[in-house]
């Protein structure tokens, strides 16, 4: 695509709106917020590779993969919403935002399904019992893996719930006001949504693909 | 650029609501100032009781349990509820928009949210106090904090967690403001060094605080649900906690000094009537400290069982980060050379700052020297080191800045005499309190000791005597500043004849800061030393 | 709808579509890595794929491709600092047993 | 040297070395920071307002000055670093023939065990003139073994072993502190280190000699805990035999080779899946949380003794 053609619709003024810069700074802090947990995970993943691998095999690989696809698609629809709002198309914007919300909700639904299986199998930290050990490795370290799993996916889910809330809010505003006035909001929300997606992009191999 | 009498920000409304729902950065600065002063005295009161306890070797005044809670609450309150937000959220909030010629911060309502988060965190800390405090030390080391302490760890940790987000939002606001809201002509190298210091501080606030937040969250989860990340019996590594904690807390000590450096860099040129020496080096040094400061955290862990190689790397990097601080000390000193110096109260604080910071920093070098740290780690030597920098340095700078900009903030003048007296009393009280602690430390008195062997008594008595003098030095300003607020003469626009945009608008400034949008044509600090 | 009418938008839309498909392809790739031999490098491959995905999302969905230098710096800064945290922490943890 | 109001007694070789470094630091700092302080005062007085002096100053060579005082301090700092690092590395390299004493920190007391099985609480008897290595473990939270007179300090961390060593030079009683905050009675977790002449130490050991040495208690434990079910001498089918292991290089399944020191052994027992011996399945259960630090030390002492048993082919 030629740069000039792109410019008409998406003014490449190198000065973004101030809110966009603010959102980027916020995302940088979020990277370090999750990053601290990732750092911790990395240490144990390295130390207890065997136990982590056998614990990871207890996760639902299928559901995890499907969920990744769902979330990636939601990012796509979010990007569409930004494109639509720039084209000043209110209907397309709302449709794309609604799709994003639905996909986000599907993700949470699938996640909930996984959780419910894992609760039933007594894998959650406070329900873990003596029969925890499976495969090779140490039961304690397999529990550690599951604790990380719940902490990381839980925290991610909280972020996603917030994201869904914000997207719903923005959709309502888009209904009420004209597209030009919500452009920055949609853009900022999009950044946040994509960031939450990126977190999952890393969580997926870190949790579901250990030792596979 | 002169100012016509527009209503000042203080006159812009008198109901309570115009304060607690304001989005004016100048009023929010006051919200922070008042709440933080309260916490300073709460933390100070804890210190007073501790120093009283330590007058005698036996632990006779308070129980060991109480003593442990005292120094923990002292540390937690002084660090997170006083010193971290001290200059950035008060002077920074008030001055950054004025200094760069903006109407307000980039996100005024976010700024108010910062204060509410601070207040929210404060509620948790007050609850912690009411339920009997917390006894882990301000460092919350696992596994003591997670598995063994039976004090209110979760409450305290939540308070710090919440106040952390206040820090993050302040930092975010400052970064965006400084990038985007500078007045025409205000290029990066025309920024006052105070603005540079707030910028460097904000980088740390934004990049380090989230790691603390996660770490504390893990502590809370561990206590509530038993997640095992720091629990050795589940394969957790207690040293991991220390890494995560110090990844925040070492940069955080620079949060607690950079703004002070900024303040001093404003005061010194003004009262020496001389351009700051080496402006660019000064600006780069601030950034260098902020960035390299992230690479040295392991110097708190030299005897923790950390790998020897990591110890070597962290020691070397700690020396590296001291270089820009050295540059700053030399440049301030040189700024005095051939100046025309008047010893107003702010200047006394600023000169005190240089001396005490140099001493505190140099003892920091002792601590970074591996084999010496093995001996003095967790002794009073460390306590003396950081009080020299944090109290002798930052608190001095904070008081200096408060006096320097007081006429601008309130539109009133204060009693110069009393202010000079307070500065001098503080200086001597401070040294008497903390210098003996260096000696105690090398003698081997461990910190966080409620009772101690008798041979340490003499030095402890000296230290406690100094603390009472220090208390006087800190209580005095309460009185004469209150008096100034109520009955002080009204201050001129530019009482110190200083450069800088903030001195060109009225005292106190109008709501919009400037009646005509300022345009900048000069670098900062255009002073001439002739009388 | 103007979204479809304007040529520039059609191209932008096509880019997004391609990126989305690329992402799903990468997902399929990472999920099937486990069927490959060389078990030792699976984790590294998966990590590399995750980074590629993140890069795609960052550049195209988050528009870093056409953002200001400032935004790019901030975005890179977050990850850079995370790398610092990881590098120096792991330096200790992995060197601890070494004499 | 005995102590005074500025310096604690220096009762070990390391103490004098650290003191010398400390003097050096003080000397250099006095020179530089003292110099800065003097200049500060001189400038303040000389250039005070109202004092008539020549204030003309051409700020030439500014860059050169600034680069000088950027680089010069750094070079000075490098000497601090190098000297400190040298001593620190020494502190981490105990002499081979050092006498090993096992120390356990526990809320709120210090327990020590000598290889012969002698146990003491809040007291530590050591011979003078001989390198002594203290192997430290913690039963609960982090503690720190601190003897100011030796200028030595080392945290005791739950979950793995740390160590420190010193060569005492001066006989007498010295403070032993816990330097890491460990709870309510942290400041009461203090004791004495008693440095004795080697003969006196030998006599003391004799007087305190228990029925069982540490290693023989370890042998009993080895059976009670069921280690011997898998680890049988000469048999390699269930688990690697432990004879001749101590001090040798162990080959791990991920290709690393690690010297089997106490830390490796302790990790193998507490967290077996951290390092898996090449050629074996990670089948060994973790004993973390099941044995206390004293038992761990007994097992180590036993495996160490096995290490001296003839190398099995």
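Labels for the chains are A, B, C and D, by order of writing; each one numbers its residues from 1.
Note that in this section a residue touches a chain if its C-beta (ideal position, glycine included) is under 8 Å from a C-beta of that chain, and two chains touch if they have at least 3 such contacts.
Not measured: the values here are computed from a predicted model.
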Between which chains do we find the greatest number of C-beta pairs in contact?
B-D
Measuring between Cα centroids, which chain is at the maximum distance from subunit C?
D
Using Cα averages as centroids, what's the distance between subunit C and subunit D in whole Å?
43
Chain centre separation in whole Å, for subunit C relative to subunit B (CA means):
38
Can you check how far apart subunit A and subunit B are, centre to centre, with Cα atoms defining each centre and the answer in Å?
36
Averaging C-alpha coordinates per chain, one finds the centres of subunit A and subunit C separated by a number of Å equal to 13
Please output the residue numbers of subunit C that touch at least 2 other chains, ranges allowed.
70, 77-78, 81, 85, 89, 93-94
Residue list for subunit A, restricted to those that touch at least two other chains
21, 25, 28-32, 35-36, 39, 43, 47-48, 138, 140-141
List, in ascending order, every residue of subunit B touching at least 2 other chains.
179, 207, 211, 233-237, 239-240, 243-244, 247, 305, 308
Within the complex, which stretch of subunit D touches subunit B?
3, 5-8, 17-18, 21-22, 25, 29, 32-33, 36-37, 39-40, 43-44, 47-50, 53-57, 59, 62, 65-66, 69-70, 73-74, 77-78, 80-81, 83-89, 91-92, 107, 140-142, 144, 146, 148-149, 151-155, 157-160, 162, 175, 177-188, 190, 270-271, 286, 288-289
Touching residues on subunit B, where the partner in the complex is subunit A:
106-107, 110, 168, 171-173, 175-176, 179-180, 206-211, 213-215, 218, 221, 225-229, 233-237, 240, 243-244, 247
Quick check on the complex: what are the subunit A residues that touch subunit D?
47-51, 136-141
Of all residues in subunit A, which touch subunit C in the complex?
1, 5-6, 8-10, 12, 14-16, 20-21, 24-25, 27-32, 35-36, 38-39, 42-43, 46-47, 61, 65, 68-69, 72-73, 75-76, 78-80, 82-84, 87-89, 91-92, 190-191, 194-195, 197-198, 201-202, 204-205, 209-212
Which residues of subunit C touch subunit B in the complex?
70, 77-78, 81, 84-85, 88-89, 91-96, 98
